[in-house]
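The same chain A turns up in both complexes below, where it pairs with chain B and then with chain C.
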Partner chain A sequence: MMPIAVYDAVFVAAAVTLVSDRRGRLGWVALVPLIAAAAALAPLGDHRYLIAPLVALVATLPPVRAAAPALVLAAPAYGSLRAALLAAALFLVTVWLADGLDRRVEQRGAAPSWRGAPARFLVLAVLYAALLPVGHL
Partner chain B sequence: MPGDAVEGLRIRDLVVELGFVDRAGLEQALEVQEELHEQGVNAHLIDVLQDLGLLDDDQRDQVVINQEMRLVLAEIPGGRRDHRPERWVTAALVPAALIGTPLGVLAAAAVLAIGAWLVRGQTWRWVALGWLAATAVPGTPAAAPAAAGATGTADGAPRELATTLLRAAALTAALAPVRLLPVAVTPMHYLVAAALALALLRRLR
Partner chain C sequence: MKGPFLRSPQSTRGLMIQVLIAATPALIAAVVRLGAPAAAMIVSAVAGAVAIEALVHRRQLGDGSAVVSGVIVVLLLPATTPPWLAALAGATAIGLGKAPWGGLGKNPFNPAALARAVLMVVLPAHFFAPMWRWDAVTAASPLSKEVGATAPGWSALILGDVPGCVGQAAPWTIVLGGLILVVLRTIDWRVPLAYLSTIALIAVVLPGGARVAGHAPWLIGDPSIHLFAGGTLIAAFFLLTDPVTAPMSATARVGFAAVAATATMAIRQFTPYPDGAVLAVLVANACTPWFDRVTVERRITPPRAKRSRG
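Let's look at the complex of A and B:
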């Protein structure tokens, strides 16, 4: 089974976050890639089988409403702490940018059927394409 | 609707019954709410309780979830008002985007369907499922169904949990053949498809 790319996981996690009514612990969610990378780099020797359950446990420790994006961000195989840091920063920036753009779309009078989640998904799709170079860093 | 039917469904009853707030705390919050009401501010009791520090985020979620489940069980008209398709479209999007093979997506759909039966409205069970999935199958995409389930149940809206997740399972399975197309399918495509599907659903309604 091919693991999801870090860049893809960030946008799926952002999509999950943006349809939540009450977002919380975004900072904690952003920490999950760092925890996953640190666990992957830990000198566990023969006990590497512990990594997946431990990361999943840490990812789901926050309140339930943050469990979904946290689990998504725990999914990719982070090659280094730098990659994890970049993912965390990209996640926060993406959610912030998508929020701002979504507000502008609402203010400019989007058609009722496109307001809310559809507009957010489209904004994220545009950001996915626009920020692609960041994914290659 | 008889007044008795509402007893036990109100926030003021639930916070005390669940042991989050004592009678004195509730009285204090009701007084504040009344004062706000006199000033023309129509504040919700649950918001007042939270702002007074008598209820934290997790407790608030539990109260809302509890109330919604009871509304469904009591079959009170209006209790099944949460029909927003965003939740199940996103719940389907998660495993579809995270898992690379059609068989994997179908397996995720099956896990979602089984999960709908297993969790029965208990959001923390999805958290446990996420942990178990990652433990049982090395390789974190196994946690995708759990993440999808958490998406469907988070925000205190498990009112139509089984329906939501079964729809998600069906949509996830339907998306599986997309992976067979001779083009690189990225989350961007899923996001656009999800936006189109939601807009179309709204138009049809």
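Let's look at the complex of A and C:
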């Protein structure tokens, strides 16, 4: 099975966060890539098979509303702590930008059929395209 | 609805006509330089945009904004774009860039930039061809890093003797169009000034990333290529100045232009992408709600509302 790319995982996690409408523990969610990267670097020898379940367990420790995006962010293979830091920053920036745009779309009165989740997905799709060069850093 | 309301003597249709007049020199230069294919692209893009506008917002068809979106999106397309893709770009500008958000005046992203970015992700082969045909010669954009592009001189950059998008056929016509818009007060002069000066400043002071330093060292320290190649001028005069997607206050618009310039240069210096102007415009558009919140909304929100919100 091909692992999910870091850039894609960030946007899936952001989509889950935005659609759930219950923002909680965003700081914790952003910490998960760092935990996953640190765990991957840990000297576990023959017990490396423990990394994935342990990271998944840690990611789901916060309240359940933050578990889904945290698990998504735990999935990719982070090559370095720098990559994990970048993913964490990208996640926070994406959610922040999408939140601001979501409010703007609501204020300006988008078509009723587009309000809510459809508008948020479209905003995320545009941000995915606009921030794509970050995925190459 | 609650006030206050501001009235302007300029109608939407009048503004669109002014933008079309400003874009005309660049369109003529593209047709002269690239011939019938450029004319076919322009017609296709405008037809695609107008067709979707007629389907979705027939009442807004008369204001000319669909024609403007079609014209601007064609300026952003590579010179080798087939007519069907130009039509798709025009249709995407309206179908995704304007219609879903509620129509004219409600879109958070510039429709032309959005269409260019979305199609670049969906059909990358048409946008990342390393060699572009230009004046019957196949060559690489001077902003390319790994395809053997060479550094052009000032005159080649200003006259458009370098490969690029349709709007690059003659960059001086984009500057002419921009000056027309500034003189007519259609756009805020601070935006192109802040964007171009920040690009020049960053080009001088920013060290190139390994991708640039190892392959295209002329991209470091020389602002001329960054100012005249790629989509810089189109972004400065036609994309960032869109009043719907730019912040409301003049101060915020300067910051907004600086954000776009920083993003443009970061993409060019540190990623494999040859040109980041269009993507940088979308990033800046995404920051617009924040700029408005810290400049305008904070001033007009009554203190009691602020306290109860906190």
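The rule is short, and it goes like this: the second predicted complex is superposed on the first by the 137 of 137 C-alpha atoms of A that agree within 3 Å, B and C clash if a C-alpha of one lies under 4 Å from a C-alpha of the other, contacts with A are read in each partner's own complex, and residues count from 1 in each chain.
Assume contacts are C-beta pairs under 8 Å (C-beta built on N, C-alpha and C of every residue); 3 or more make two chains touch, one makes a residue touch a chain.
Because the structure is a prediction, the values reported are computed rather than measured.
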Simultaneous placement of chain C and chain B on chain A, clash or fit: fit
Comparing the two partners chain B and chain C, which touches a greater set of residues in chain A: B
Partner chain in contact with A:Ala56 - chain B first, chain C second, else both or neither: first
Which of chain B and chain C A:Trp114 touches, first, second, both or neither: both
Touched partner set for A:Ala74, first chain B, second chain C, both or neither: first
Chain B versus chain C as contact partner of A:Tyr128, first or second or both or neither: both
Once both complexes are placed on the shared chain, angle at chain A toward chain B and chain C, C-alpha, multiple of 10 degrees: 120
Partner chain(s) touched by A:Val19 [first = chain B, second = chain C, both, neither]: first
CA minimum distance (chain B, chain C), superposed complexes, angstrom: 8
Chain A positions touched by chain B in one structure and by chain C in the second: 114, 118-119, 122, 125, 128-129
For the chain A and chain C complex, residues of the former touching the latter: 97, 100-101, 103-105, 108-111, 114, 118-119, 122-123, 125-134, 136-137
Chain B partner contacts - residues on chain A that touch it in the complex: 1-4, 8-9, 11-12, 15-16, 19-22, 24, 36, 49, 52-53, 55-57, 59-60, 63-69, 71-72, 74-77, 112-114, 116-119, 121-122, 124-125, 128-129
Chain B residues within the chain A interface of the complex: 57-58, 61, 86-87, 89-90, 93-94, 97-101, 104, 123-124, 126-127, 130-131, 133-135, 138-144, 146-148, 150-151, 153-157, 186-188, 191-192, 194-196, 198-200, 202-203
Chain A partner contacts - residues on chain C that touch it in the complex: 96, 99-102, 105-106, 108-109, 114, 117-118, 120-121, 266-267, 270-273, 276, 279, 282-283, 286-290, 293
